[in-house]
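What follows is a set of structures for review.
Consider the two complexes below, in which chain A is the common component and chain B and chain C are the respective partners.
Let's look at the complex of A and B:
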């Protein structure tokens, strides 16, 4: 269902990719398991299905398949905004693990993105954590810096560090040591409804090229059709908010620190820079001045915007390729006229690259998750079954399962996953995957600091809410947030 | 109580000697043994957490360090809280939330109980329906109300537009001025059945003969309520108000699920703010100091609650 214009956009994107300055490429790319310097949708297609991997054999070399042990494991699992396809892969994964390691008694517990950090922190205070955990990408450094995690590198479970994105490996490093392994890494794309574009007098196959155009398109759509143009998300304590605002912030040249620079030091706070204020102003213009985004943006998560998009009430949003499958799931559950309306929206879904800033800078959050093993003293019972934990780590980070567990909405943490036959199958089955794989080189990892979760989950949404509700001006909100970050990194503040 | 008689030859003087505390405990040792398990459990699950929270409130707990690496800072956490603008805003929210929710829920519950005390067709069904908000899960209710209030597609706003009350969808929970009143409405909806049940129970204790006598004496409906029913319900009313106030000071689910304390802290109340400080921002020391302040207020309310209960018991026993 790819459209010719989309194809051209992707080719253009691929060309720009080669020139992109990305933090992900800040280490030697030639040693990688795949050649990141050639990264493009075409390159990904060329390597898909070129290699076979035997997960049981590879993990059996780390932990014997007849090993008898016990493992407690918490992981960030599927939530209401994920497609049913992903739910099935999660079920399949645990069935496969139990079949492969029948003598490991596994007690797994799934938690949603927004709940996992709170619960994990609380458990650690009482030395009642699980033996291992799969955390969102911004969480690992916090727990590594506090000494809760064991050193764990890809080599410990049979892989090579070069099998993983350099940017992802940064998110598991603290003071030169490695404390985890990436399971999946993702970047989002830009979705729009071509039918709404056409009815609003816009070129249906041409997405906004810049964030300034997003503001202008959103206003035109709202003024013409009376519906929301852009699906802004600004809820507090929700991972969706930084994932959607940070690309905008970086595109304008701003940042919390210098995290979007090739070699970040995280020393200079830039939230109150003119560029950061410009990015915040763009959100203010859409929400307050033009009223062209959902009023509910302050309490909405992405899962709330999905039905609005499906109902044809939101024209554009930043999201995963998995949203296409989510829309199919929602459409299947709709009835009567709603079903037809939803089908119209699905037929008119288009994916493109995330818009750039005024100077052509394009950025997206380099997201994902990492897997970690805890130190015994913080674990319920005081014991960690390391062999069992390594078996699970190897299994999840294998080319096969790091691909399958990211089938609909993400990308494999293990780069060899791109070479598997499942990747080839996925390219054929999952719409718009090209766009998000094309976005990967533009990915900017969150700052690798222990305080990053508070900055991203609380300070950034607070800044947005302060500006969008009129509690502060744009300048005041940016300066207030910058001061909070300075206080936080200085060890103080409330 | 024992009586000692003087030795022979001493002045005859009967002296009442009270046994010591230890003697009294020993005499009642079986009773203490019966309640010992409960006391041990209370010490573990209540006393120790209170002690630990108070202790932690005097320490700084930087977000980048483990809790065991805390630094003693004396009363600095209390000073930090009391000098914080956010604290005073959250406190004002908490006061508005607690008083408005408690009083309105109580008045509505009182009125509903009086109405349902009269005999009429369908009374039992109506009573069952009115109890529903109280028995359904607060989490489920919060999600339902979030969609009812939805600022773009909420059914409440749509109905208001349809009825011509407003021109466009009202903004209930994405606006700093309307969010708290909107959440209070949900809270009242959840709580008024509780007040209703309590008052209905209290109404069973009002002597019918007194009401009949007042009627025979020519008292109007209002006079019968004001001079007979209302005084009889004063005890249960006090208890109900105190229980509602304590519950509202401790509210968490509705504001947390519906708004997360936002937008821009406009619906943060003490408990949600404490939760965010502790679990979202890992300021365990500050959150503990916050909790100690809240604990002191709740203890004061608890004192009045116990006094009200004692007063009820005295009245019931004619003391």
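Let's look at the complex of A and C:
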């Protein structure tokens, strides 16, 4: 298999990393247990496998291993479609926890990504929540601000705040207090199909460098081959949409607020800025003017784009390294001629850095999940077993398990996870992992505001849909969305 | 229409009727047939596609142009779902059993409550009868989702969250009004003289109801049962909200497991959907004549 020009892209990435890191990690880089100021794929490789951790011993110091208790726990789980490797790690995790804490009666409940927030909100209204929950990154501040969560910091479970990305810690802080601990952090990469590029007359090893080039490549692919160029997603109330549109918005210099700035205040709404409109215009050009993205983009999420990519009907998309593992799984389970076809798709997959804006600005959503403990009054039964909850929190956020639970599609929340032998093994086994570790310093956290889920899951997709369906012009859609954000942050509703 | 003499009449007519001349096939008839064929394809093709996808590998299911008939057909998805040794199979079989339990309990309770209630509305005159009759329909005038949070809080107060009882109770609140209306229409069409005759012959009111009215209303009761069963079997949003323990989940919620954040197991999803549709299709096929009869029975007043 030919190697893409990933090395060059990553070297370029490393060159700007220091600047990006200093931008994003503006708070406390000095005491970091992993030196993120040196962050680069090479640095990650150099620290992988350099330290060993004894999870049971470390968590035993927080909650004694013979502790007897009961714990209810909801989390965004992995399911039948996820890579076998990841599912096995989730299974192993709960087996290991039960072996380590045999006297804690654990009732865990896995929920799907799009259901978790709604189900959790409903349960809280009935004071019937679980004792602890693992939420996607944009959920923590909403629930902390409403008073549902207990204060919880890494120090409470034996870790240091410096063991976690400062950007990730922002997502669990509200009014100066900490309400959770990051379990995993992710930044996505740009995936393309080299064979389609070649057939469309593009250099198969050269991804688009800018979002303007994405628009141009997408048009060329569509005009030449009649298939979709870029895998645009614009579905409402699905996390996939902001995860794919916000990098574009930030790259053009726009934003919802000033969240991409070094020290954001979230006071100035920028959705109607010329830069934001330019980003929206790029999506409009692909969907309406060029018709070079799937016509189903308005209802697509990544789970719909992935089969299109695997079928050779979409040439480019923003996604996780887990797509590679999904493809390996599909190939392993295919038989006969399908097996060879699947291998061809794998051979043509290429990963690179997410494109930049016109002025070289590169950005990606600093995503992930955080773990939280609830206040007793919102929990079914009115009691929270704090010792049991801390045991689970310590276990999941440990270097070992925060790495293993993020093995196929993300990165460990606890930075010490990068030092484990499992990280070393992971770097050897997962193709293209360098891309997502290289993208980490470009990560921009979602605004740490209670209204962020509504902005990201409703207003942003609405803006896209208004522009792409022609219900509004690009300018009107951006201005309408900006006004909705102003209304929302001013205390109004949607 | 439903009197015994009338019911006997068609048999006599059939026996004595001479063969009728064949009607000329006109354009309207052909148009009707084509329309019916179109409707058949419209309803059957998704089912066929579901079945075909369920016997493909994950990779084959994502191919375009699609493999109309899989190059490498496999029953792997069904084996996985039905294998109790496999974690997917364990979950699926448990969800299936849970759905069956909830649906059967809902059906039995709906019939037990709706039959006497409808009979009372049909035969008895009591203060507030009209108001009560329309009151049972009040709930059906609002979208079901409006009651989600209030019912959730109610179930929590009753200590029923995470129990199948919460679903059975909820499904009854949705299913009963229509069941009562359906059965009342049915009872209205059973001549009261039949019961009066039974009373004259010495039967008590209950005996007249049990031995005369109930057998005649069997199609209506069966239709009510089918309606309740299908409603409970397919319901998603309340099951997803009231149940949080894996061992309690029902099939519509369990099937969500084939969707992940970034990927979907299409063959597994289609195999599970197909197996989920089997009990309902079988039930409907076996009892459809009663269902149709019950729906049309109350349409004509005597």
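Convention: the second predicted complex is superposed on the first by the 474 of 494 C-alpha atoms of A that agree within 3 Å, B and C clash if a C-alpha of one lies under 4 Å from a C-alpha of the other, contacts with A are read in each partner's own complex, and residues count from 1 in each chain.
Please note the rule applied: contacts are C-beta pairs under 8 Å (C-beta built on N, C-alpha and C of every residue); 3 or more make two chains touch, one makes a residue touch a chain.
The structure presented is a predicted model; accordingly, all values stated were derived computationally and were not measured.
For chain A, the partner that touches more of its residues is C, with chain B and chain C as the two candidates.
In the superposition on chain A, contact is made by A:313 with both chain B and chain C.
Of the two partner chains placed by the overlay, neither chain B nor chain C lies in contact with A:391. Judged by the touch definition given at the top, the superposed model places A:365 against neither chain B nor chain C.
Using the contact criterion defined above for the overlaid structures, shared-chain residue A:146 touches chain B, although it does not reach chain C.
When both complexes are overlaid on chain A, the residue A:470 reaches chain B alone and has no touch with chain C. Legend: residue contacts after superposition of the two complexes on their common chain; A:457 is shown touching chain B, with no touch to chain C.
In the superposed pair of complexes, A:237 makes contact with chain B only, with no contact to chain C. In the superposed model, A:74 lies in contact with chain C only, and not with chain B. In the superposed model, A:415 lies in contact with neither chain B nor chain C. On chain A, the surface patch touched by chain B in one complex and by chain C in the other comprises residues 122, 125, 308, 313.
Contact residues of chain A toward chain C in the complex are 74, 76, 78-82, 91, 107-110, 112-115, 119, 122-123, 125-128, 130, 239-240, 302-304, 306-308, 310-313, 319-320, 322-323, 326, 329-331, 333-338, 341-342, 380, 409.
Contact residues on chain C toward chain A in their complex (touch as defined above): 57-64, 71-72, 74, 76, 87-88, 148-149, 152-153, 155-156, 161-162, 240-241, 244-246, 256-266, 268.
Of all the residues in chain A, the ones that touch chain B in their complex are 118, 121-122, 125, 142, 145-148, 228, 234-238, 294-299, 308, 313, 450-451, 454, 457-458, 461-462, 465-466, 468-471, 488, 491, 494. On the chain B side of its complex with chain A, the touching residues are 62-67, 80-81, 84, 86-87, 146, 150-153, 169, 171, 173-176, 258-266, 276-277, 279-284, 286.
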